[in-house]
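After this come two complexes, each holding subunit A, first together with subunit B and then together with subunit C.
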Partner chain A sequence: MSTTWLPCGDYHQNYQQDHAWFQTKFIKGKMILLFLILFIGLPLISDSYMLSVWNIVGFTILGALGVQLLIGFCGQLTLGHAAFIAVGAYTSTLLILEFPWPQFMLDWGIAYPISIIIAAVVAGIWSVLFGLPSARVKGFYLILTTMAAQFITVDFVLTQYVSQIGGRGQAFSLPPGTIKYGPWVIDNEIKIYYMMLVLVILCTVLMANLLRSRAGRAWIAIRDNDISAEVMGINVVKYKLLAFFVAGFLGGIAGAFWISSLAAISPEHFPWFLSLWLVGVILIGGVGSIHGAIFGSIFMVVIMEALQLAVMPLADTFPKLLMDFLFIKEAAFGLAICAFMIFEPNGLAYRWWQIKNYFNLWPFSY
Partner chain B sequence: MDLFLMTAVTGLMVGSIYALVALGWVLIYKCSGVLNLAMGEMTLIGAYISLSFYSMGVPFLLSLLFSLIIGFVLGILTERIFLDKLIGKPVLTVIMVTVGLSFFFKGTVELIWGTDTRVFTPPVFSLEPIRLGPLYIGEVYLWSFVAAIILLIIFVSFFKYTRWGLAMQATADDEMAALSLGVSARFVYAAAWAIAFMAAGVGGTMLGNINGLNISVGYLGLLVLPAVVLGGLNSVPGAIVGGLIIGLLQNFSGAYLDRYFPGGIKEIAPFVFMVVFLLFKPHGLWGWERIERV
Partner chain C sequence: MFNRSMWSKFFSLIFAVILIIGFSSMAGAATIKVGSLNDMTGATSDVGKDYALGIAEAIHYINDTGGINGKKIKLYQFDYGYRIPEALTKYNLFKRLKCVAVLGWGTGDTEALAPTVARDKMPYVSASYSGHLGNPGKTPYNIFFAPDYSTQARGLIQAWYDNVWKKNSEFGKRNPRIAFAYHVAVPFANSSVPAGKDQAKILGFDVGPDQNVTLFAIDVKSQILALKQYKPDVVYHSNTVMSVAATLRDAYSLGLKANHLIQNWGFDENLIKIAGPAAEGAYGCAPWAFFGQDVKLMDKVVEYAKKYNPSIPLEKRTIHTLQAYASALGLAEAMKRADKAGDLTGEGILRKGFETMKNYEIGLGMAPVTYTSTDHRPMSLVRVYRVKNGKFNLITEVDMKKLYPDKWANEWIGW
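For the complex of A and B:
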């Protein structure tokens, strides 16, 4: 087996080879190149506005990974993921604002990293709570219970109760300088960008590794047919709840990351629209692949920003257009989902796979 | 005691509106197997259409009729353009298309009619409550109840006694058998969407008359989802009973629980109840329990 080029056909001789991260030197080189572009190239050519777009992309990827895990790999339909992102964001914010951190921890700047981890765990537990009905219900009924998670968490618990903590009323604002890693204060887009990059890579690797493990194989078995999975000795309830936990965990990380970009957080940042948006993102990207979550996020965010940029110059002549843009965006997103579902049900990841295969098999495409 | 009775009666009357919209939902599901998440936006569209006609000076009943006709056309168009191509696709695909539709509808409604609350001016129903024995009931609620009951009766008799209705029932019961007997599936699907759109339009108009019309009426339309789940997804009586239960639950929690959980308990209670209920009866009250085989 050549060590540089992937041969045409499957020549793996053992399990390690089959599941290796870098199958050939070429792929390793490609990945190194990608990392160089992400860490050095993109920040060099991007201005502050573009960096903020990349940060939205990163946030969407972090959120979409959890949805992808639930829908794409475990087959548990969810329409309430924004609730878990909100739980993560609020936990992290409240920890930073209200928790009596010892002075040395503040000095070392480890309050925010610790709060991210705690936020992720809390969001995961919250997610398991609403995943409990999945032990008994499936399909559409499960969609409704996750929808209930959204309404109960964001519209009720967060709006009515959590927002009252500290007597602030609606929104929590984070004073500048509270979000810092060790000596680095996260205060501009480029720092947020690097933080986003590290988190996205960590989460993607975490998820890819989970999918290669026993848990991942169990999830995929449950997705394909939960009864046969149970017959094969997989503890279906346990793995479903584990999937909910990991999805909530990723959502919590997304939320805790997002507070670094927001000046103030309020329940309006986590509407039901966000949940549906994330599901739309993975459907457009492609269900059942990590590439799908990433491609979908890039595609949707960049398309919407481009739409906005296209509308901006028209705003001088039609001032109403700028006001209506939000609605146009909503309608366009709806139509995009419908069009993708009808004409491209496999998503962008499938096209990517086709292109890759074409080059892998070139020049003899058999 | 008076509070209890008043809450119960108001709850039943609002519930009858939910029952009407839920009936439309169940119809779509039974006939074409589509789990429709765009129902809230469908109520919104119907409501705004009748409001537009009404503000132009058309009498209320006539504008309601216009909204029924336009709803009929929109329903058929929606089915033909979007859902027709999805027959036999996976559940998630179909659900997400209805989610996409709901965004599309909502965006369009906001674009055309704006986001401000609009009321029917002059008010269709007088604000003076009507006295029924010891109870005072808003006129809106009473007429909504009457309208919902009349429409429910019309729909049920349509299914029982007309040729088209029987064809739809047959398709809902066993699609293959109905097709082999010469029922046109395309016709049945389109009819289901048209009827659902019409029912949603009437429901939305009534809801809009109660508190004024804005985007949050679409959220009230979402409450049909707990209603149909309580009744079981594929049962018409279940949808009606579920709608009434949700109406009652909403009003009772508003009247009695608001003291302990200030804020939006009224909107949340149906969903909380639904989650707990599903833990004990995963198929609703009269939903079919499918036996699954590998």
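For the complex of A and C:
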């Protein structure tokens, strides 16, 4: 078998080959090129504004991955994911501000990285709590229970109690220099970008690996038909809760990352609309695909920003255009979801798969 | 006829051209660029629309009257829908556009951006008057043109205590009772509550249970029923006008016997229109003149409202237009001073602009403003009005600095 090109037909002789990350040298080359673009190319051509847009894309990907896992892979409809992102953000912030870290940990800049991991675990556990009803309810009823997560977590627990810790009132502000990775103080867009990139890659790899594991196969079986899955011997409740844990874990990482962008948080950063937005992202990107979470995030953030830049020259003639743009953007969000549901129900990921196949099979695509 | 493929190519081409034009337009012209974040569609759009109109009209007025020492201001004004991620992206866009200052909006995003604007040395004139923003030790680049919310809360409670409670037959026999009705989860609404409770404690009030009234509230009956159990003498409101009007209406219909104290964003011309008789007797803080009142610059405010937004009848314009003028004119004055000093940078605007203002009179019925490098609270005077026969009547002016000089200087900064 060629090690450069994947030939027609299946020549794999063992599972290792089947599940290899890079099945051919060509694919490995493409991935190296992608990494070079992401780590060197994009930062070189992006100014701080563009980097901030990429950072919002990264935040959206981190949030959407959890939603994709729950909805796209495990079939558990959720509309409360912003709550788990909020738990991650608050846990990380409070750990940085309130925890008595030994001085050497602060000096070595490991307090924030550790806080990210703890934030992810806490958000995962919190998510499991709100996943418990999934043992008994599904579909629209589950949507309502996950929405409760939003109201209980953000409007009640975080606002009434957590935000009062330290007597700061509602908003927490992180002093400069506290968000630190080893010797690097995360204090500008380029550093946030690289942190985002590492986190997105790690989370994507984590999720891709989980989906190739026993848990991933169980989630997909539950999504496709939970009764059949149970008949096959899958512990449905256990795997549903595991899905909630992993989704919350990813949301927690997203939240902990978010604080690096602003060095401040308040409950207003995590409105219910964010949960809805994340569902919209995976609907447009493609339900049931990791690519879907990534493409959806890029579409929803970059395309909207690019459109806004595009209308700016017209603002001299039509001054209200800039002010009305958010309204247009909201309408475009709704329209895009409708359009994708009608014309491309499998989302951008499916279109990507088609394009990729066209080139992979060229010139004999039949 | 175009087939589907040709249509898609056509639209792709148009899209690409628009993008190229858009990106190429980022090259700067010789004007002073200012960004403005406004809320036209979000939780505070009930008061945000008029403010946004006021900002645009004020910048036209500034440009028509000589600009910044001859240089025109180019305004980039965006609706961010009261959403913080949107505010962050827009703020970064302002940086890319090389804006020298930003006219901001809400407390949530202003406080969230405070560390970033301090790092970027970007003067940020907000429509949030949160007391947290008045301490330059923590938020050095945040400026606002009004008594901060905490001072408003203290002033309103003090004014009610002096003018109403002291004349009450039960004065001296029992403690007055106060309760707070506000959107607990929103930093704007709750930022003045700790100071309000502190002032209540100073004056010997009993403080009742907080009532969570959202900014979107249209039915506040359960909260009013809870208040009726507590029987407050006075209720403090710190939401925006739609929510406050809904609260007053339900309080009126359910017969809550209490006075109402309302922070500036809930106390505008629309309150009387929406709440009707329920607004009668309500007390509120208005640091600026109401739209159409006979004060310095009002003729210009009305003229520019007619000129640039003729489709909006003048009777629908509100005090928030005046607030917007205060922010824009204040920023323009700071930029003029910095420009004269040859330092039209973020730091220059702050140090050689804002922080050189000593008892500076903007007009618009405002008290004079003063900023120093150690105190960004622009004023200590709280003007308290009362609604009577559908009109606003000035009841009293409370100067919190004069009443509590030690606390003002040492304790209350940054509350």
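In this text, the second predicted complex is superposed on the first by the 344 of 366 C-alpha atoms of A that agree within 3 Å, B and C clash if a C-alpha of one lies under 4 Å from a C-alpha of the other, contacts with A are read in each partner's own complex, and residues count from 1 in each chain.
Please note the rule applied: a residue touches a chain if its C-beta (ideal position, glycine included) is under 8 Å from a C-beta of that chain, and two chains touch if they have at least 3 such contacts.
In this text, all values refer to a predicted model and were calculated from it rather than measured experimentally.
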| item | value |
| --- | --- |
| Which of subunit B and subunit C A:S213 touches, first, second, both or neither | neither |
| Contacts of A:D324 with subunit B and subunit C, given as first, second, both or neither | both |
| First (subunit B), second (subunit C), both or neither touched by A:Q17 | neither |
| Which superposed partner A:Q354 touches (first subunit B, second subunit C, both, neither) | neither |
| Contacts of A:E189 with subunit B and subunit C, given as first, second, both or neither | second |
| Which of subunit B and subunit C A:D155 touches, first, second, both or neither | both |
| Set intersection of subunit A contacts, subunit C complex versus subunit B complex | 155, 159-160, 324, 326-327, 330 |
| Of all residues in subunit B, those that touch subunit A in their complex | 35, 37, 82, 85-86, 89, 91-93, 95-97, 99-108, 110-111, 225-226, 229, 233, 261-265, 267-268, 271-272, 274-275, 278-279, 282-283, 292-294 |
| Of all residues in subunit A, those that touch subunit C in their complex | 47-50, 52-53, 56, 59, 154-155, 159-160, 169-171, 173-174, 176, 187, 189, 261-269, 271, 273-274, 305-306, 308-313, 315, 319, 322-327, 330 |
| Contacting residues of subunit A [partner subunit B, same complex] | 71, 77, 79, 130, 132-133, 136-141, 143-145, 147-148, 151-152, 155-156, 159-160, 225, 227-228, 231, 276, 279-280, 283, 287, 324, 326-338, 341-342, 345 |
| Subunit C to subunit A touching residues, read off their complex | 15, 18-19, 21-23, 25-26, 38, 40-41, 52, 56, 76-86, 88-89, 92-93, 95-96, 108-109, 111-116, 119, 132, 138, 184-187, 190-191, 194 |
